[in-house]
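You will see two complexes here that share chain A, one where it goes with chain B and one where it goes with chain C.
Now for the complex of A and B:
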């Protein structure tokens, strides 16, 4: 007979308000094998844990059931406490009577009844639990960063400074990301390039950092400490080692029809191009869709002119395979497609997005920093900013969340205009101004108080082009006045959204995304930079809208987690993995087909069948790869596979106990 | 200027009825004013469209039912198409008009005259129903 201890937690009033904990204790005492049962207000507290340890010792308990919150929350806490009291930690079971009882039920009687049933199931299961000992796995001392924006660069620098090797995989030809496109940064109005480009150069020069630009993550397998990653290095058609960055090719390229991605389409670029002046690496790339030589076989001017023979038209995509111990996802964000907002006339050249505005005010941008209308190059007199375009929009056109950064950058934009050209009138249509960061509200108020930017609480309903003007029809909801402003330019603060390929990346990494396709953290408060998959961390706006200070803070936090992981010589393995009963296995290998982690292969064994030697094929589980999902156990027709800690016997005992 | 005292439950029944007829979520509105900004009929209105919604949120049914606005609304649905919160204000206006008619109880077009109208085969039925309601004020 087992000696099981049952501990029922009140969780303050979280559980006790809807579950009669005393009654659960009384019922638990009657369950088979239960030698002791008690309740306590906060089992997870130090006093609660000590109480558990004392009772285990005093009553010589050999198994423990804690009826409390979700095992996600405190299973480890109680396993550790049990271990300290001398019991194998896998002889502890949690009955989740908070999330599954009190939080979902209002009726105390029904809640109590369910709590008793769940406790009974846990007792039935723990009776059959066996001692499990975790194995150890090695850690590859190298990290992978997906995305080379400010988030990826910061993480990489922090990890590299701690002495570990880091690879950055960046999809575009240069690192720098969105921040490289910005003119100034709030709330200090630092020049964005001045604070970013030195970091880009640091990353490129750091002996521990390797850049894989114009590259994509193709396939990821493996597990924490031992990720196996295939990286596709797209054909650049320019030899990175030979190229000196002289730019003769980019200047002489006869194909100049492509819209520059970096200039947000406001300027054309050649088929062979360097995205921007401070690009890292400062090596051009040939756009296969635009290059005359690659399309028709004619031209090849760049090849003839290149003084260092760096152009190679026979370049091919290359796939390299690398091993990593940890991965940081820093893939960034996009802005929404504005073509659905017909009333704002985004197809008009003088209606621009905020990111286009950044390029227009940037000294290195298409207008050399002069604030001019894209349509005719004239200086505008009235500029209207419209906030929340697609943000806080519950319809299918927009995004239901607040994009968080627009209030601040719109204030910044209006100030930049007023600073350079005090005679230009600036109007900002807003619904609410949200500026809760450090020195943020002061910044926005400065736009109003010092620079005289007109803030109008209300939305714009429609924009009609009339001659050279854009008639902006809006309302001041405060005064109830409807307004028409004859603007020369309109700037739309478009909503941010997750990258369109976030879902692809999520599948490759086996991590999760929220309803808006932003990557989900393991816990919104206590584990904000980790994913639910061990060894994979998040940084920056791929997790949700973020400004630069927040992105940098999170990137360093992710780096700290990676350093903590890489610093370990061995990792402890989860012992709840599947095991094959070779005498029952028929060798059908259906389990290998279904395993999502490629953890099951097969092996040939020889068995002694009543004195006769028989050779047979059986499934073989790689315990390091197994995540304990249990898929194989239900696929197995002869019932030869069991999940340790969750055996068929244990699960059936639970079901029996609930149906009791 | 008169001060309005908000008595939250005074018109609870009427507001509930508006919600029931229109099936719209009044509290989804965050008062951005885009409905007003794009409305082609505001020159004829005494209360602006977004203000109608605000009055509904505050439970001031008397103000909306007495307003000219509900009769000026042309049901063009521009507000509904552009609302970032998915609130169909045109539907709400129609619900308020309906309640007004129901409470007044006398239609401009008398039911007994319908037969006469219907002998004209070219008269669309929808026009008859509209006349019954819309011109009754």
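Now for the complex of A and C:
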């Protein structure tokens, strides 16, 4: 006979107010196998846990049921306490009588009855639990960073400085991300490139960091400590070892029709190009869609001119396979498609996005830093900024969340204009001004108080182009007046959104995203940089809108988690894995087809059949790969495979107990 | 609750206290039930949850056993397709759904007594709604007599 101890928690009044805990204890005492039952105010407190340990010892208990809050909350707490009292931690079960009972049922009688049923189910299950011992797995001492923006760079540098190898996989030809495109950064007005470029160089030069630019993560398998990743290195058509970065090819390339991605389409680039002056690595790529030689076989000028013979037209995409212990996702963000906002006339050349603005004010940008209208190159006299374009917008075309950074960069943009050209009038239409960062409010007020930027609380209804002007029709909700401003340029603070390929990446990584396709952290408050998948961490705006300081902070936090993980010599794995009963297994291998982790293979065994030796094929589970979903158990027709911790018998016992 | 809006079954069955067994996957639906709890959303106490790692862990046997033991309704709840913590587990659940429905109907249990639904960890509200909905269906049908009476009496 089992000697089960049942501990019913009050959770203060959280449980005790709507569940008669005394009655639960009395009923528990009658359940088969229960040798001891008691209630306590706070089981999870140190006193509660100590009491549990003492009772286990005194009454020689061999199994424990705690009727308390969700196992997702304190299962580990109670397992640890039981272990300290000498019981295998997997001989503990939780009956969730708080989240599933006291908090959702007002009627005390019904709640108590249900609490008893849930406790009965836990007792029934624990009776059948067996001791489980987690296996140990090795950790590959190397991290993968997906995304080479400031988030990825910061994480990589921190991990590399701690002495571990790091690979950065970046889709575009250079690291640097969106931050590299910015002109100045708020609230200090540091030059973005000046603070970012040294970090990019550090990352490239660091002996522990390997950059895979113009590369994509193709496939990921494995598990924490042992991820197996295929990386596609796209053909660059330029030999990275031979190229000296002299740029003769990029200057002489006759194809100049492609829009520069880095310049937000405000400038053209060649078919062979380096995305921007400080690009890392400083090696061009050839755009297959634009290159005359690759399309028609003619041209090949760059190949002829290259002094170091670095151009190789026969280059091919290459897939490399690497092993990693941990992964940081730092894939960044996009901005929304403004073509759905017809009223703002984004198709007009003088209506630009904030990122385009960054390029126009940048000294290295398409206008060499002169603030000029894209349509005719003239200096504008009136500029209107519109905030929350698509942010805090619950309609189909917009995003219901606040994009967080636009209030600040709009203040920055208006200030940058007024600084250089005090005679330009700057207007900002806003819904609310939100500036809750360090020194942020002071910064925004400076735009108003020192530079005289006119802030108008209200939205713009429509913009009508009239001759060279853009007539901005809006409302000042403070005075109730309708306004018409004859602007020369309009800057739209477009909402940020998750990267368009976030869903694709989520599937590869097996992590989750929220309704806006931003990656979801394991816990919004307490585990903000981890995902629900062990060994995969998040950094930067791929998790939600973030400014640079927040991104850097989260990136370092993710790095700290990775360092903590890589520091371990062994990891223990989940012992709730499946196991094959070889005497029942028919060798059909249907389970191998079902398993999402390829955790099941087969082996040949020899069995003794009435003195005759016969060979037989049976399924074979790799415990390190098995995640414990239990799908194989249902697929198996003879019922030969079962999931430890959630066995068929255990679950059936729960069903019986609940339907008692 | 508006259980008797278009039927009087509830009133006729004053004594009828349905029992619903809900198999919830640990990562989404069980967490959704937790969220319903932390958000203090009320739903009837007739719903009793059994935690499974993934909705694909639920064997047809478990469902049949619940009906056999007198459950009036059974729900399997998992993560939304595409969001499975085990990447594809719930696709298998979805595939098994029609099989289980056919089987329960074949043995004389109305198909409305069995449901598969997707409830994410963020959908405390949906958890309560799904549970209320099946309960409402079960109230309309009355007690699951067929299999209950078929139990072997000793």
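The rule is short, and it goes like this: the second predicted complex is superposed on the first by the 646 of 660 C-alpha atoms of A that agree within 3 Å, B and C clash if a C-alpha of one lies under 4 Å from a C-alpha of the other, contacts with A are read in each partner's own complex, and residues count from 1 in each chain.
We adopt the following convention: a residue touches a chain if its C-beta (ideal position, glycine included) is under 8 Å from a C-beta of that chain, and two chains touch if they have at least 3 such contacts.
Because the structure is predicted, anything quoted here is derived from the model rather than measured.
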Which of chain B and chain C A:392 touches, first, second, both or neither: first
Chain A residues touched by each partner, larger count belonging to chain B or chain C: C
Touched partner set for A:72, first chain B, second chain C, both or neither: second
Chain B versus chain C as contact partner of A:459, first or second or both or neither: first
Partner chain in contact with A:444 - chain B first, chain C second, else both or neither: neither
First (chain B), second (chain C), both or neither touched by A:197: neither
Touching partner for A:514 - first (chain B), second (chain C), both, neither: second
Parts of chain A lying in touch with chain C, wherever the complex brings them together: 70-72, 96, 98-101, 103-107, 110-111, 113-114, 117-118, 121, 507, 510, 512, 514-515, 532-533, 576, 594, 596-597, 627-631, 633-635, 643, 646, 648, 651-652, 654-656, 658-659
Footprint of chain A on chain C - complex, ascending: 19, 21, 26-27, 30-31, 33-34, 36-38, 40-45, 48-54, 56-62, 65-66, 69-71, 82-83, 85-89, 92, 96, 122, 128
Footprint of chain A on chain B - complex, ascending: 28, 30-39, 42, 48, 50-51, 78, 82-86
Parts of chain A lying in touch with chain B, wherever the complex brings them together: 343, 388, 390, 392-395, 397-398, 431-432, 457-462, 473-477, 480, 482
